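Shared chain: chain A. Partners: chain B in the first complex, chain C in the second.
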Partner chain A sequence: MNFKIDKKDLYQSLNVIVNACASSNTMPILKGLKLEANKEKGIHLMGTNLEIGIENWIPAEIKKEGEIVLPAVQLKNIVRELSDEKIEFTADLEKYRAEVNCENSDFFINGFNPEEYPELPDVSIPIELEMPAGKLKRIIDEVKFSISSDQSQPVLTGILMVIENEKTRMVATNKYRLAYTKVDNENNIEEKLDVIIPGITVKELSNLLPEEGTVKIKVNDNYISFNFNDIMVVSRLIEGDFPNYEQVIPDKRKSRIIVKKDYLQSAVKRASLIARNDSNIVNLKSMDNKLVIESESSDIGSAHEEVPIQLEGENHKISIDASYLLDVLNVLEGEIYLDLIGALNPFVIRKKEKENEDYIYLIMPIRPGNQENE
Partner chain B sequence: MKNELNIIHVDMDAYFASVEQLDNPKLRGKAVIIGGVNLDNRGVVSTASYEARKFGVHSAMPIARAKKLCPHGIYLPGRHSRYQELSKQIFNVFLEFTPRVEKLSIDEAFLNVKGCHRLHGGSRKIAEQIKKRVLNKVGLVCSVGVAGNKFLAKIASDLDKPDGLVIIKDEDIKDILDPLSIKKIPGIGEITAQKLNQIGIYKIKELKSLNLAELIEIFGKQGRSLYNLIRGQDKRQVSINQQVKSISNENTFPHDVIDSELLLKYLLELCQKVTRRLRKQKFIANIVFIKVKDNSFHLTTRRITLNEYIDSTDDLYKHSKILLKDINIKKPIRLIGVGVAGFKEKRNEQLSLFNTKNKEIDFNLTIDSIKDKFGNKSIRRARDLLKKEENEKK
Partner chain C sequence: MNFKIDKKDLYQSLNVIVNACASSNTMPILKGLKLEANKEKGIHLMGTNLEIGIENWIPAEIKKEGEIVLPAVQLKNIVRELSDEKIEFTADLEKYRAEVNCENSDFFINGFNPEEYPELPDVSIPIELEMPAGKLKRIIDEVKFSISSDQSQPVLTGILMVIENEKTRMVATNKYRLAYTKVDNENNIEEKLDVIIPGITVKELSNLLPEEGTVKIKVNDNYISFNFNDIMVVSRLIEGDFPNYEQVIPDKRKSRIIVKKDYLQSAVKRASLIARNDSNIVNLKSMDNKLVIESESSDIGSAHEEVPIQLEGENHKISIDASYLLDVLNVLEGEIYLDLIGALNPFVIRKKEKENEDYIYLIMPIRPGNQENE
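Moving on, here comes the complex of A and B:
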């Protein structure tokens, strides 16, 4: 195997692939990535830890074809430090040894037999769907922060994706808060499909997805793949039943608060400077045309903030975890709706309605320990 | 500056056994062994009187083995409420001398007597008075250690048991510590001791030959404090907050258990006990640990730090079950224990979206109040009945 390649192209690709390679405590070969030189297609890089796999094609001047598995992190680190723009890459396919060469540097790297490296699963097509990459990235970012990190309930450590007719929905929850988003599909999907995509995959996708272009999504019972910009991400799906999210989204409200996200965000941020020293609780209280945000910590002191609002309905108060509110405010813009039913009912945050799009975020309140229920 | 000898460690001598001998004069001068409740030979010794210790019986030894060593001994199940009652009186004596009392267990405490000398005399005098007061008021004998820090005070109280009073002055530290077995050091248990024995280290003097880096390599973070301890240095304060750090319960089975279903039933029962105590303290906890001892006395422990704080039976059961599954059980099990730590005061209740949890909270509180009113066996889970059946079969 012999080829010349642009350092920047190779490094960028390695930087993507390395995220799918195993990091530790596993078969050594899984810490590697597979590199294949093909005169017609270019250089193919692929990494997988069996949970997630990423592959990528990049151009190169290929003199001799071949394939080899090389340790991913080391290769990435070496390429990053090389000073030349062009790198020459040669591999001894008998000894599984590669030589990385540029003007003043010459590295020999020991690798593995490519035939022992796992293939990526073939997600052949029960369901195929296309979506603008920017849109997919946006809906992922709108829900991904609600994923649970509690490994004892695996289904909550991923995002539920429901594809049905003209709509795609995404839901994530950690039992105490829930994010739900719904968008239109570009093409009508006949079959209903719901799958749970692991949190790690979702976070990788969010980093990799470009603003422009289209993503091809393929799903079968066990795997999902995302294809964009010569990159393919394949992931195992989480098995199990996602909790019934439809049941917990309230269909009524007693009051609606309309507020500018920026005002609310900075007020809650300031109040949480006090709250985070204790249990991170902020108390919200609507008083006609303003929302009062208070927090208290027995050691540090207390905070009082006021934000101008429009109120439809009666006044309310509710106590919530400040971080749950700040998480959602990070992904919202402009004016937002806060819908209330009571101090022990879900607190609902919505975008000011946009046609064909729907975003709902629920926070369960905190029942104050030393007060009677209302 | 010279260390002032302000730290006193008081340790009651053979506490449970002595209380029995106190309440029942016929037991005095006899080998009395307090151990596992109603479990015949399967429990372990919790306290042996000094008469019994002469036969080699010591705490944590299986009752069956104790009976071999000391067949004529008097074996009693223990009366914990009585021990608690006297313990309160003993601690009240400590508080006559200083408010700075750190409770280590039911029969053991550290006292910081700094600033009490004008009122009560020097540290030796205070130690003598404590011994006298405890004997007069409660009728029990204790051993007292006086030194400049907690580690040395605890070593001191152990040097001349029973009825001891030992003062470790700064100039004697080396002579006293060097010949002691490494097992006297808190944190060095049987297993660590064995490891050190393998590299020829039996005494503190020999342990001192390891430098700081070597100790850190062997013991991790604790290496540094160990390095200081064996040189007689200990910066820990006597902390007055007698906060509970963990709550746990364990159960030695009447018969070794191999059936995993039955094991889970015992686990559930323990989870109920632990969480009930937890709720009583109004704590929530984020660390769960279990221990399992097989019939060859091999002990395995597992612990996990959760992302959430829990206090419900079902949550503890769920997490401890995962820990249990993680243990590769090959032999029949004789003991299982479960516990929680990492406490936070339960002031505010984060409600859950999927309201099984909210119902569970009410459910647990209802069960607790029934048990408070009508006793521990007044209400139980259906799974517990299965366990009862199983036992009756055998």
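Moving on, here comes the complex of A and C:
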């Protein structure tokens, strides 16, 4: 195995692939990535921790074909520090040992037998569809912060993605809050897709997806793959039934508050500086043309913030976890709606830009009795 | 107590003072800082954890004088997030409770009795001298990385500073390496100053010292203070005798290597990517017009680097801790000298820019027998 490759190309690719390699002390070979030189196709890099896999093709001047598994993090770090633009890569395929040569630097890196490295699953059937990469990234970002970290309910540790006819929906919830988003598909899609994608995969996708271009999505019963640029991300799907989210979303409201996201965000951020020393609760109270935001910590003191609003309907009070509100304010812009029914009913945040139901974020309130300071 | 103050001025000052406040769970009042409003002098902020203290004066429109102790980190975070340029500050000096008001934000912060807060020691006698701030910062940075973290030998956890006649010297060592620097004083200084400044203080000074202006230094038996801009840093001194560093510095050499710092740094950085998986040892070997740098890790593999050099004297081999060499290369520029006597003698790095003894960095070699891979 022998090839010459651009340092930049190789480093960029390693930087992507390394995210799919195991980082903990499981089988040492899973901390590696598989590197294959193919005269027709170029260099193929692939990493997987058995949950998620990423592969990438890059061009190179290949003199001799072959494949080897090398420790991913170490290879990435070495390539990053090399001085020159061109790297010569040679591997002894019997000893599983690679030589990386660049100007006056020579590295010998111990590898593993590529035949012992797992293959990525083939996800070529039964469903195949396309979506603009920027749109997929946006809807992931709009819901991913609501994924649960509680491993005892695996279905909540992922995002539900439903693609059906003209619409794609994404939902994530940890039972105390829920984020829901819906976008139009470019084309009417005949197959119905209804899968739960692991949190680790959606976070990786959010980092890797470009703003431009198209993503090809393929799904079978157990796996999903995303293909964009020369990168393919393959992930295991989470088995099980996602909770019926539709029944949680209120179909009515008693009041609607219209508020500038920037004002609300700054005020809640400040109030949470006090709240986070205690239970992280902020109390919201509409008073006609202003929203009062208050927090209290027995140690530190208290905060009182006022934000100008427009109110439709009656005045309300509600207590919520400040971080749940800040998470959604990070992904919204301009004016937003806060919809209220009562202090014990879900608190709903929507985008004002579209009156329809495209984005819904719901926070379960904290009962007044559960607070120390009420 | 009541005053109006610029948000920016107050935040900058809090950001400095907070470094002197206790961060761990000792007495809660030590996590606070003392804030005093004085109509003639302005606002005085002071924090101390009893090891180090920092104070600062800032201007404000003071309506009512007074003093209070407030939690430092919380106050800093709140001021950072405030929206407006002008902050109104009011304190109830009987309840030790402050109100911070800014536009639509109102914070009530619980404080402490300022009479229970420690005073900074008075360091007005017996020695007082001046030094350019930029020069003090430079010599601290040239030696501070050699300070020991081993608390069982307290004198090595600080920098020895000796000011005598026309010279100021600084030395730090952890027994396995030593950094020594010497600069000319602006004026001949009559008093001899010979103190050990704690590592925590020199690191704080390095962050705070400006490039321009003058530092006033005052010392007594137990404390040292540094005065620059409107900031004063006061620190306890470390008691005890610093080891006799002069006897460790070799007065001869068998070979001198002249090498470009940048080349050596890049090569050692790369070799250390392998070395750090093992004992962090790199082997240096001069071969007439090149320096070969090698490292090996039984797991990962090996690195071989070559750097062009000029050699005066015979060829040598030596094994050292890669991080010790990288630390000094971070603070040197241009061409440097590597002076060698033998594989078991100290390895000495000097600046080429001045042939004199102004900067000496010494690394104790690792005996070949202590290496796995030799």
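In this section, the second predicted complex is superposed on the first by the 365 of 374 C-alpha atoms of A that agree within 3 Å, B and C clash if a C-alpha of one lies under 4 Å from a C-alpha of the other, contacts with A are read in each partner's own complex, and residues count from 1 in each chain.
Here, contacts are C-beta pairs under 8 Å (C-beta built on N, C-alpha and C of every residue); 3 or more make two chains touch, one makes a residue touch a chain.
Since we're looking at a predicted model, the values are computed, not measured.
Asker: Once chain A of both complexes is superposed, is A:364 in touch with chain B (first), chain C (second), both, or neither?
Answerer: In the superposed model, A:364 contacts chain B only, not chain C.
Asker: If we overlay the two complexes on their shared chain A, which of chain B and chain C does A:178 touch? Say first, second, both or neither.
Answerer: Touch status of A:178: first partner only.
Asker: Counting only touches as set out at the top, which of chain B and chain C does A:150 meet: first, second, both, neither?
Answerer: After superposing on A, A:150 lies in contact with chain B but is clear of chain C.
Asker: Please indicate which partner A:258 is in contact with in the superposed arrangement: first for chain B, second for chain C, both, or neither.
Answerer: neither
Asker: Determine, under the contact definition given at the top, whether A:287 touches first (chain B), second (chain C), both, or neither.
Answerer: Neither: A:287 stays clear of chain B and chain C.
Asker: Is A:97 in contact with chain B, with chain C, with both, or with neither (first, second, both, neither)?
Answerer: Second partner only, chain C.
Asker: Across the two complexes, find the residues of chain A that touch chain B and also touch chain C.
Answerer: Looking at chain A, the two contact sets are disjoint.
Asker: Contact residues on chain C for chain A in the complex?
Answerer: 71, 74, 77-78, 81-83, 97, 104-110, 266-267, 269-270, 273-274, 277, 299-307
Asker: Residues of chain A touching chain B in their complex?
Answerer: My answer: residues 148-150, 152, 173, 175-178, 243-244, 248, 279, 281, 319, 321, 344, 346, 362, 364-370.
Asker: Under the definition above, what is the set of chain B residues touching chain A in their complex?
Answerer: Touch list, chain B to chain A: 306-308, 318-319, 322, 346-354, 357.
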